[in-house]
Amino acid sequence: MNRYEKIERSAKTRKRILDIVVYTFLTLWGIMVLFPFYWMILTSVKSYGSYNAERIPAFFTLSPTLQNYMDAFTTVPLARYFVNTLIFTLATTAIMLIVIIPAAFAFARLEFRGKNLVFTLFLSLMMIPSELVVITNFTTITNWNMRNTFEGLILPSVVSVFYIYLLKENFAQIPNELYYAAKVDGTSDLKYLAKVMLPICRPTIITITILKVIECWNSYVWPRLITDNKDYFLVSNGIQEIRENGFGRENIPAMMAAVVVISVPLVVLFLIFRKKIMEGVARGGTKG
Amino acid sequence: MENNNRKGWLYLLPAMLFLGVFMVYPLVDVLIYSFEEGYNFASQTYTGVGLYNYSYVLHDPYFLQAVQNTFILVIITVPLSTGIALLISVGLSSIKPLRHLYQTVYFLPYVTNTLAVGLVFMILFKKTAYMDGLVNLILNFFGSASIDFIDGPYWAKMFVLCFYTIWVVMPFKILILTSALASVKEDYYSAARVDGTPKWRIFTKITLPMISPMLFYLIITGFIGAFKAYSDAVALFGTNLNAAEMNTIVGYVYDMLYGDSGGFPSYASAAAIILFAIVLTITCINLLVSKKHVHY
Amino acid sequence: MKVVLQDLTKKFPNRNKKDRTEVTAVNNFSFEIPDGKLIGLLGPSGCGKSTTLNLICGLQKPTSGKIFFGEDDVTDLPPENRGVGLVFQNYALYPHLTVKQNITFPLENLRGKEKMTKKEMADKALEIARLVQIDTLMDRKPSELSGGQQQRVAIARALVKMPRVLLLDEPLSNLDARLRLQTREEIKRIQRETKITTVFVTHDQDEAMSISDMIVVMKDGILQQIGKPQDVYDDPVNLFVAKFLGTPPISVFHGSVKNGQLYIGDTAVLDVPGVGDREVFAGIRPEGFVLDENGSLSCVLNGVEVMGRDISIISTHKQSLNTTIRSIISAENKVNTASENVRFSLKPSKVYIFDKATEERIRFPL
């Protein structure tokens, strides 16, 4: 009896110690993740004067101001960058969906000569890093006189082989019987795609859309290459521009305000679609 | 059948057009570029064909610096981030209360703009004439002198770069590993517990082998991702990475292509192909190693 | 090792978080498993039998009540200190380890004076593997084994450390019908040879009846009846137990007792002396029907199935709760398949009556 009680008690103590260690460790990393966000919001509400007067960074401020946000929108064309990114993101994502859905449908549903060969070729394209093709695309877009245009920004960013693959796999899971039933009822392929396949695969399509939106919102390299006119800058380039030429003077609080503004949309999107996004990324997203 | 043939290709047409113009053609083209010597961007002419571009790039001190930086970054960040992510994921899956909150918080960096948050890191680490920055404040607290992490010594800059890179790649790794851990059936743990298996042994003998495919997937994608590092460095040190001694191979490619030192697509192509060769080699080695150690 | 469960109760919080009520998986459970016996824990799915098993092995802790192994109170003891062996429904064999490594896995956990050398472990594993007849498969991975072989490996792994109690959770449900028959014989044999007290969970009454020394019938977390399989079959305490055991199933009729006679519809079918007048359910085992031209129970004949030794008469009756009534009679009887009706008299020992409200058995002298 006594022996058992001892075993029990030591097991409990060990569990408690382990719990404390685990929670401490997890909380530490949590702070590590959240702190930059805290600092960016904190700095963005410090006034320019008080920030520059600090010799030792202050962990809070007693007189928060929104002046920096005004500066961020008035001194630099932040709203412009914002709208540009929005247009770029929406257009790219929309065109991508229009292009990849029929392709995925063809691979999953239609039988035609050469399908397997083409599909293998598509798959092998997945391994090609974008860095390799950016050079020629840069030349192509320059030759087409599309520098500093939305077409130039959008067109090369549209297609993702990986998403075609993801969608095709999802389409292929829909039982053949549904297709034959629809055929017997005289449904056209296009109608079947729109009325049956897309609704069934909605979760995947939402996932793809969200992943693409994140990718677009954060894209930096291609826009940097293809735009040098501020009127076509996306937020990433805008931030870089602000950092280098900024507000005419080193205005870190205003810079942080800009950072907050461009971070908010995705964070909000994430908080709304938390589950979908995390599932989607776990199923096949990578960063970059 | 004939009709279906045409229809199939029709559905594929848009995707094939896009891929053809912006992926397949560039792939061939970049190879050609890399062998065309003395290419002139304005007149689009070249003087000869050969390996000169490769030789130039391989002898360019900036490129060598970039290769060195990239390799250091890869060697430090891939094992470290994977290891820490594994620890965090194991911790996460061993707790019940607050787990969702932690998971949500840990995922945040994934949805933030690398460039934007990089600025915050820069401010945290930067030492200016007036203010030493927060990190230095902590260093001072522990009795160390202030260091300028952004414009200071090489190792300090490398430290920040690695730190930020790890911060950025962590969400993905934690997510993948926690879902891998969750997919290990509870029965295996129950079976092991009933047999009185110590925690550590459960971890090494059951958990690790079971998640080894995902772990290797992460290591491989981690290597590939780290070799392509670029925007993290830009976020911290600005676009003139060569001057900051913090350029990466991808950064070198873009600098060659465009910007103040740009206009040399041939050199850029050669550098890009060298990068591709390196990544391919490392990935193959990874795959060979994983074949030996992954149990499925 | 005798196992005693004393007033065992296990409650779970409701899955629907808004609903604060608790779900009681096991309700005030008490019984004693005698040393060295094979006990079948039987009930429909969701009745709490797996929870009971988890309580015994310690993977879950009871909300209240106690568990004893022999004289030891193990209620709060973690599973690793209880000395139990557990076989999972899907076997839970480690896919990355060979059969041999799977079997020796529990042995490698032993510490202190129980610690074994590599050689001892290998010998022990081989000994157990011989017992369950998988000694020729030692170097294979689980994925290279058939379902039946995996099952044996799982049993070997549970047995190798000589547990005080062996627990089997639906061990046969993943096997096909033929293998199931074979394996249940096998389990019975292994249990006899090792004499380890064994608890076996199943929802299949055939399985439980055929191999258990005793069966425990559960419903909704509540123990219904314990006893030797034949005793429980012959003498069910309530309608649930009567319906749950036996193939073909018992036929149940709406009936009533008037003046010491059981009525189905308007006809008296059996004398039930000493039972007060009331509404009842009358259950008749398939073998309780006797073909009798003057029998009092008249049913509409649907068909006859000849099964060699026996014939099975399928009929219907207005008062029957079952859609068809199956009765088994000796093949020596001849049935006129052309006639519309068939008449039976009843064997009193195979007729059970249950109170309509409580569904409890009402006994009457035979």
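Labels for the chains are A, B and C, by order of writing; each one numbers its residues from 1.
Rule of thumb we're sticking to: a residue touches a chain if its C-beta (ideal position, glycine included) is under 8 Å from a C-beta of that chain, and two chains touch if they have at least 3 such contacts.
No experiment lies behind these values; they were computed from the predicted model shown.
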Query raised in the report: Touch graph across the chains, line, ring, star, complete or other?
Result: complete
Query raised in the report: Which pair wins on C-beta contacts, B-C or A-B?
Result: A-B
Requested in this report: Please compute the C-alpha centroid of chain B, do the same for chain C, then give the distance between them in whole Å.
Outcome: 57
Query - Whole-Å gap separating chain A and chain B, where each centre is the average of the chain's CA atoms - result: 16
Report summary line: Where chain C touches two or more other chains simultaneously, the residues are 78, 81
**Report entry** chain A-touching residues of chain C, taken from the complex the two chains share
**Finding:** 72-74, 76-78, 81
Report summary line: Residue set of chain B touching chain C in the complex reads 185, 187-188, 190-198, 201, 205-206, 209-210, 295-296
Report summary line: As the complex stands, chain A meets chain B at residues 18-19, 22-23, 25-26, 29-30, 32-34, 36-37, 39-40, 43, 52, 54-57, 98-100, 102-103, 105-107, 110-113, 115, 118, 122, 125, 128-129, 131-140, 155-156, 158-159, 161, 164, 189, 214, 217-218, 220-221, 224-225, 235-236, 239-240, 243-244, 252, 255-256, 258-259, 262-263, 266-267, 269-271, 274, 277-278, 281-282, 285-288
Query raised in the report: Any idea which chain C residues touch chain B in the complex?
Result: 57-59, 78-82, 84-86, 88, 90, 92, 94-97, 105-106, 108-110, 157, 161
Query raised in the report: Which bits of chain A are touching chain C when the two form their complex?
Result: 1, 4, 7-8, 11
